[in-house]
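In what comes next, chain A is part of two complexes: it sits with chain B in the first one and with chain C in the second one.
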Partner chain A sequence: MTKYIIRRLLQAIPVIFLISIVCFVLMLMAPGGPQAQFNQNRFIKPEQVDLWLQHWCLVRNPSPPDMIKEYAGWLGVWNCQTQSFISENGGLNFLPSFLGGGVNGMLHGDWGISIYLNQPVLDIILGRLPVTLLLMVTAWIIWLTLALILGVVAAIRRYSFFDQAATLFSYTFYSLPTFWLGLMLIEIFAVTLHWFPSQLIQSPRISPGPFASAVWWQAFWTDPGLYGWDVAMHLVLPVTTLVAVSVAGDSRFVRSAMLESLNQDYVRTARAKGLSERRVIFRHAFRNALLPIITNGALEVAFLFSGAIVTETIFSLQGMGYLYIQGLQAHDYFLLMGIVFIGAILVVVFNLVADVLYAVADPRIRYD
Partner chain B sequence: MSTVIDLSHVAEAAPGRSIGQKPPDDVLLDVRGLKTYFHVLDGTVPAVDGVDFQIKRGETLGLVGESGCGKSVTSLTIMRLIDIPPGEIAAGEIWFDGVDILSLSPSEMRDIRGSEMSMIFQEPMTSLNPVFTVGYQIAEAVKAHRNVSKNSARDRAIEMLAAVGIPSPERRFKQYPHELSGGMRQRVMIAMALSCDPKLIIADEPTTALDVTIQAQILELMKSIQERTGTALLLITHDLAVVAETVERIAVMYAGRIVEAGTAEEVLLDPKHPYTQGLIASIPSTVPRGQRLNVIKGTVPNPFRMPTGCRFEPRCPHAFGPCKDFDPPLRLTGPNRESACWLQYPPGELPVKETDAPPATPVPVERVGH
Partner chain C sequence: MFKPESADSLPIPASAATPSLIDGPELPVDVEVALESLNQWQLAVKRFMRHRMALIGLAMFCFIVLVAIIGPIVAPYNPIDIPGAIHQGGDGPSFTHPMGTDDAGRDVYTMVVNGAHISLAVGFFATVIAGIIGIIVGSISGAAGGVVDNLLMRLVDVTFAVPLLFLILVAAVFFGQGSMVALILIFGILQWGLIARLVRAQFLSLREADFVEAARAVGVGTMRITFRHILPNALGPVIVVMTLLMASNIVLEAFVSFLNFGIAATEPTWGNALSNAQNAMGDGNWWWAFFPGMAIALTVISINFVGDGLHDALDPRARL
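Entry: the complex of A and B
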C-alpha cells in the first residue's frame, strides 16, 4: 500500500505539471490582459504600458515562444531579470538558490505577486481560505448527512410518498440556479424578515479585523459566544443555498447506490438467514452502497477548497471563489495560477485518497 | 346441465387436506393451492398458479421444470422472500411443521427463516456479501437464531466449514468470498444453510452455476449431509440428471402448476404427463448418434394470456376433446403418484363443453388425495 501511494504521488508530478502549463497557456491566449485597466486612460502611453508589463515579466500579445517563456518564469526555470536560464547567482535557474539557482517561480516556493492586489499570492490565498473552508465544510457536512438520510430512506421506501416527495424536492432544487436561490433567500430572510444578515462573514460593527486573522482570534477568545454567534448567523443563508443545491444531486446518488445494493443477491441471502430488517439494510446493503459514496465524497472534498464562486459573490464572502472571480476580471495571471494550482493538487491528492479509502472499505480491492 | 367444474380446488377438498386443517405430523411441508402473482405495469403475471405438494420429514423432493415455470418463485414464496409489492401471495396455504406460515407475522417468520428452514441459492458468486468474511457471514446466521457468545458462534461456523468439506476451516473462516472458488462458495452457502440444523433445506438450482465436476461434488455433499442429518430437502432444478441422482420424489412443474408427481423412478421411467414424457424424450443421450434430438414443439405460454384449458394443450401431441376448455386437476394415479392430464381420467369422468353436448348427469369428480 505504501509503495502504491508513493508511486501514485510520483505519477502526480507530471500530471500537475501538465495541468499548470495548459492552464497558463489558455489564460494567456484569452483576449485582453492585465494592461486592460489602462485602456480608458488616455494619459498613459503604450510605451508606459509595455514597461509596466515588462515589470511583471509579461509582453503584450505574446507569441507561443513568449507564452512558454512566461510560463517558464512562473515555474522558475526561466529568469526574467537575466533573460536566460541562468540565474543572478550564476547557476541554472531551476536549481535551489544555494546551488546557484534563482529564487523566482513555483519551484522555489515563490507563488508570485498578485498584479491586481499587489501582494504575494500565497498570503492572499491563506488569508481567504478560512472563510471558504468554514463555509464549505459546514455546508458539506450538512448536505452529506441530509443526502445520506434522504437517499437511504427513499431507497428503502421506493416509490412511497416519501420517495416521490424527495424526488420532487431533489429535481426542484437541482434545477434552481444558485444565483437565483441566493437572491431569493436574501430577499425573503434578510430584506423582508430581517432574520439573517445578507452579506459578509461578520458584522462590520463588531468586527475586530479580517476573519481568522491574529487580531480576530484575539478578540474571539475574549467573547467566543458573541463572535461565534455573529459568524454563525452570517453563514445561515449561504450555507442553505449550497446545501439546497448539493443535497439534491447527492441524495439521488445515494438513493441509486442503495437501490443497486438492495437488489443484490447477498441481500436476499441475508434475509434468508433470518436477520432483522434493520441489520439487512444497514449491515449488508448500506455497507456496500457506501463504496461509491466514499469515492464521491472524497472527490467533493477537493472542490471544497476552491470555494463556491457564485454563492460567495452573492453573499460578498471574501473567500476563494470570490477571489477567483476578482482575479479573472483583472486578468491577474499569477493569482489565478495560484488558485488553479492548489485546485489541481487537491484534485490529484483526493483522487488518491478516494482510491485508498476504497481499498480500506472493499476487501476485493488490493494495490500490490 | 353439464358441470363446468371448478377443478382448481379439488386438491383443497381432498380428505385430510382441507383448507385450514393441519396436516398429519409426518408431513413437514404441505403447500396447498398456492398462488403467487406479480403485479407489473403490463398486468398481472401468475408466476405460481395453484401449486400443491407435500414433503414428509426427512424426505427429498425434486421440483423440476423449465426456466420461468415458477419453481424459484415457489421456493421464495415458501421462504416468504417475495417482495410485496410487486408480488402478492394471492391464495393458498403453506403448512410447515404444523403451522401455516402465511399467517405468521414478519418477525415470527424471521425466527423460522435460516433456523427451521433455510435456503441455498443458485449463484454462489453473488449470494455472499463481498465485504464480510465468509466466517462472519456464517457466524451471523448462528447468532441470529441462537443465544450464543461470539466465540461459540465462531466455533460453530468453523465446525460447519469443516462439515461441508472445506480444508483448513480456521484459515478459510477469515477469507472473503472473492478469495474462494465457485464450488467453495457454494459449500460456504451450504454451511450457512445448515448452521442452525434446519428441518428443511430449499436448494434453488444449487449446481447450475458450477462446472460439471464441481456439480457432482456439491450434489454428493448435499446427499451425504441430508442422509447424516435427516433434514428434508426441496431441490429445485431444471436438470433431470441432477434429480435422478439425488431425490426420492419428483414433482414436475409447468407454467405455474404441478403437472406430475411421484417417486423418482416412477416419474423418470414411466412418465404419465405428456410434458414429462416430452422432457425425458428430449434428453440427448436417449437419441442415437446422428439423429435429430427430440424437442417439445412450441413455446411456454405467455403469462398474460394463459390457455383457458390445459396449459400444455397448445404443445401437446395427445390433446383431445376436453383439453382445450378444461384445466385438468391433479389426479391420484397410484400410491403417491399424481398427474394432471385428462388422459389419466376414465372417459366417463371427462368434462364436456355445454354447447356441443347434450346435458348429462353431473360428473362425480374423484377426490384427489395422498
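Entry: the complex of A and C
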C-alpha cells in the first residue's frame, strides 16, 4: 500500500508540472502583460515598472526564449540575478537554500506578491483556505451522506412513492442554477424571515479577527460555543445552496449504481443462501455499489471549487473563490496563478485519496 | 486518478453504442421491407416517442425556442427604454407588468423574453464547438493509440485537474470583452475534454466489436472502418452528454454574466438581469431576480428531460 501511494505521488508530479505551465501561460496571455495593473496608475513611472519586472524575472514583450526563462524563474529553477541555473549561494538554484539553492520561485515558497493586497500570495491564500475548506468539506460530507441515504432507499424501493418523489426532487434541484438558488435563499431566509445571516463567515460585531487566524483561534478557545455557533449560523445558507444542487445529481447516481449492483448474480446467490435482506443489501450490494460512487465523489472535488466560487461570491465569504473574483477584477496575476495552482493541487491530492479509498472498499484490488 | 482506463468507467456504459440486431419490432409479413425500413436511428426515434417526460421536455424546449424567436417582436415594451419605476427599487407584478419592473421601470417580462435567444445561442453553439473538437480529438486518440493517444489524454487530464470555472472566468476576463462570439468560443474551446474522453472510450471498445472485426475481415480500409463503422456507433452517448453540456452551458453563461465578466451589461440577458437584481434583493423585490432565474431553470429542466429521453432512446439494449 505504501509503495502504491508513493508511486501515485510520483505520477502526480508531471501533471502538477503541466498545470504550472498552464498557469504561467495564462499570465503570459493576459492583455497588457503581468504589469497590466501598473499601466492604469499614472503615478508609477516606467522605470519603476521595469525594476518590478526585473525583480520577478519578467521581461517586457518577451520572445519565446525569454518566456522559458521567465517560467523557469517563476518556478525557481532559473536564477535571474545570476542569469544562470547557479544561485547566489553557489549551488544549483532549484535546491533548498540551505543546500546552496536560491530563494526565488514557487519551489522555495516565493509565489510572488499580490499587487492588489500588497501581501505575499502564499500568505493570502493560506489565510483564505480555511474558509473554503470548511465550506467545501461540510457541504461535501452532508451531501454525500444525504445522497447515499436517498439513493439507496430509492433503489431498494424502486418505483415506490418515495422513489418517484426523490426523482422529481432531484430533477428540479439539479436544474436550478446554484447562484440563483443562493439568491432566493437569501431573499427568503435572510431578508424576509431573518433566520440566518446572509453575508460573511462571522458576525463583525463579535469577530476577534479574520476566521481561523491565530487571534481567532485564541478567542475561539476562550468561548467555543459563542464563536462556533456564530460560524455555524453563517454556514447554513451557503452549505444548503451547495447541498441542494449536488444531492440531486448524486442521489440519482447512487440510485443507478445501487440498482446495477442489486441486479448482479452474487446478490441473487446471497439471497438464495438465505441471508437476511439487510445483510444482502448492505454487505453484498451496497459495498459493490460504493466503488463508482467513490470515483464520482472524488471527481466532484474539482466541481466543489467551482461551487465555492459561486457560493462565496453570493454570500461574501472571504475564501479562495471570492479572492479569485477580486483578483480577476484587479488583474492581479500572481494571485490568480497561485489560486489556480493551489486549486489544481488540491484536486490532484483528493483524487489520490479517492484511489486509496477505492483500495480499501474493493478487496479485489491489490496494489503492489 | 489519471489512468486512461478511468474513461471507461463513465456513467454511460461503454457498450451502449453496440448495435443489436435482435431488438427489432415484431416482424411483419414482408420481412425484407421491415428490415430495410427500421434502422437504428428510426428505432431510437420510436423509443424516444414513448418516453413521456422527454416529450414534455421537448415540447417545453420548442416553446422556449419559439419565445426566443418571436417573443422580442411581440413583447409589449422596449427592453432598453427607461420609463422610471413608480416605487423605489421597482414595481411588483401587476396587469400591465406581469413580472414586475426593475428599479428603472423596465419590464422584467420583456427582459426575460429578450434574453432567451442569447442564452440559447451561447448554450447551443458552445456545445457544438466543444462537440466537434471533442469528437475529432477523441477519434484521433482512439484510432491512433500509442504516443499520440498518450499525449492527448495527458492534455485532457490537465484540463480536468484545473477547476473549469477558474479557466473560463480568466479567459472571459482576458478575451471576452462582453462579446457573445468570444464567450461561445471560450466555452467551446475549454470544454471538449469530457467529450474527447468519451469518444476515445467508445473507440477503444468498438474497435474490438464483432461487426468491426467482420468489416476488417472483409477487407474494409481503416479510414472507412473509422468513419462508417465506428464513428456513427460511438455517437449515441456523445449526443446525450452534449445535451447535458448544453444545459450546463446555459447556466454557466448566466453565471459569468452575473459576475459582470460575460456579455456586455447593456444587453438584456438572463445573467445580466440577475446581476442587476442582486443589489435590489435587500429591498424585498423578489420578482426582479425570480423570473429570469425561473427562465433559466425551466430551460435547463426541459433540456435535461430531453437528454434523459435520448439516453434511453439511444441505448440499443433497451427494448422497444
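Simple rule for what comes next: the second predicted complex is superposed on the first by the 292 of 368 C-alpha atoms of A that agree within 3 Å, B and C clash if a C-alpha of one lies under 4 Å from a C-alpha of the other, contacts with A are read in each partner's own complex, and residues count from 1 in each chain.
By definition in this document, contacts are C-beta pairs under 8 Å (C-beta built on N, C-alpha and C of every residue); 3 or more make two chains touch, one makes a residue touch a chain.
Quick caveat, the model's predicted, so the values are computed rather than measured.
Aligning the shared chain A places chain B and chain C next to each other free of steric conflict. Chain B and chain C, viewed from the C-alpha centre of chain A in the overlaid structures, lie at an angle of 60 degrees when rounded to the nearest 10. In the superposition on chain A, A:Gln83 makes contact with neither chain B nor chain C.
Once chain A of one complex is fitted onto chain A of the other, the partner contacts of A:Asp362 are limited to chain B, with no touch recorded for chain C. By the touch criterion defined above, A:Gln119 lies against neither chain B nor chain C after alignment on the C-alpha atoms of chain A. When the shared chain is aligned, chain B comes close enough to touch A:Arg268, but chain C does not.
In the superposed model, A:Arg287 makes contact with chain B only, not with chain C.
Once chain A of one complex is fitted onto chain A of the other, the partner contacts of A:Ser276 are limited to chain B, with no touch recorded for chain C. When both complexes are overlaid on chain A, the residue A:Gln218 reaches neither chain B nor chain C. More chain A residues lie in contact with C than with the other chain of the pair chain B and chain C.
Looking at the shared chain after the overlay, A:Gln164 reaches neither chain B nor chain C. With chain A used as the common frame, the shortest Cα distance separating chain B from chain C works out to 8 Å. Considering their complex, residues 8, 11-12, 14-15, 18-19, 22, 26, 29-31, 171-172, 174-180, 183-184, 186-187, 191-192, 253, 256, 292, 295-296, 298-299, 302-303, 305-306, 309-310, 313, 324-325, 328, 336, 339-340, 343-344, 347-348, 351-352, 354-355 of chain A touch chain C. Across the complex, chain A is touched by residues 1-2, 6, 9, 11, 154, 157-158, 160-167, 169-170, 173-175, 247, 251, 254-255, 258-259, 261, 274, 277-278, 281-282, 284, 286, 289-290, 293, 296-297, 300-301, 304-305 of chain C. Residue ranges on chain B touching chain A, taken from their complex, read 79, 81, 106, 110-115, 118-119, 121, 123, 126-132, 140-141, 144-145, 176, 178, 189, 192. Of all residues in chain A, those touching chain B in their complex are 264-266, 268-277, 279, 284, 287-288, 291, 361-364.
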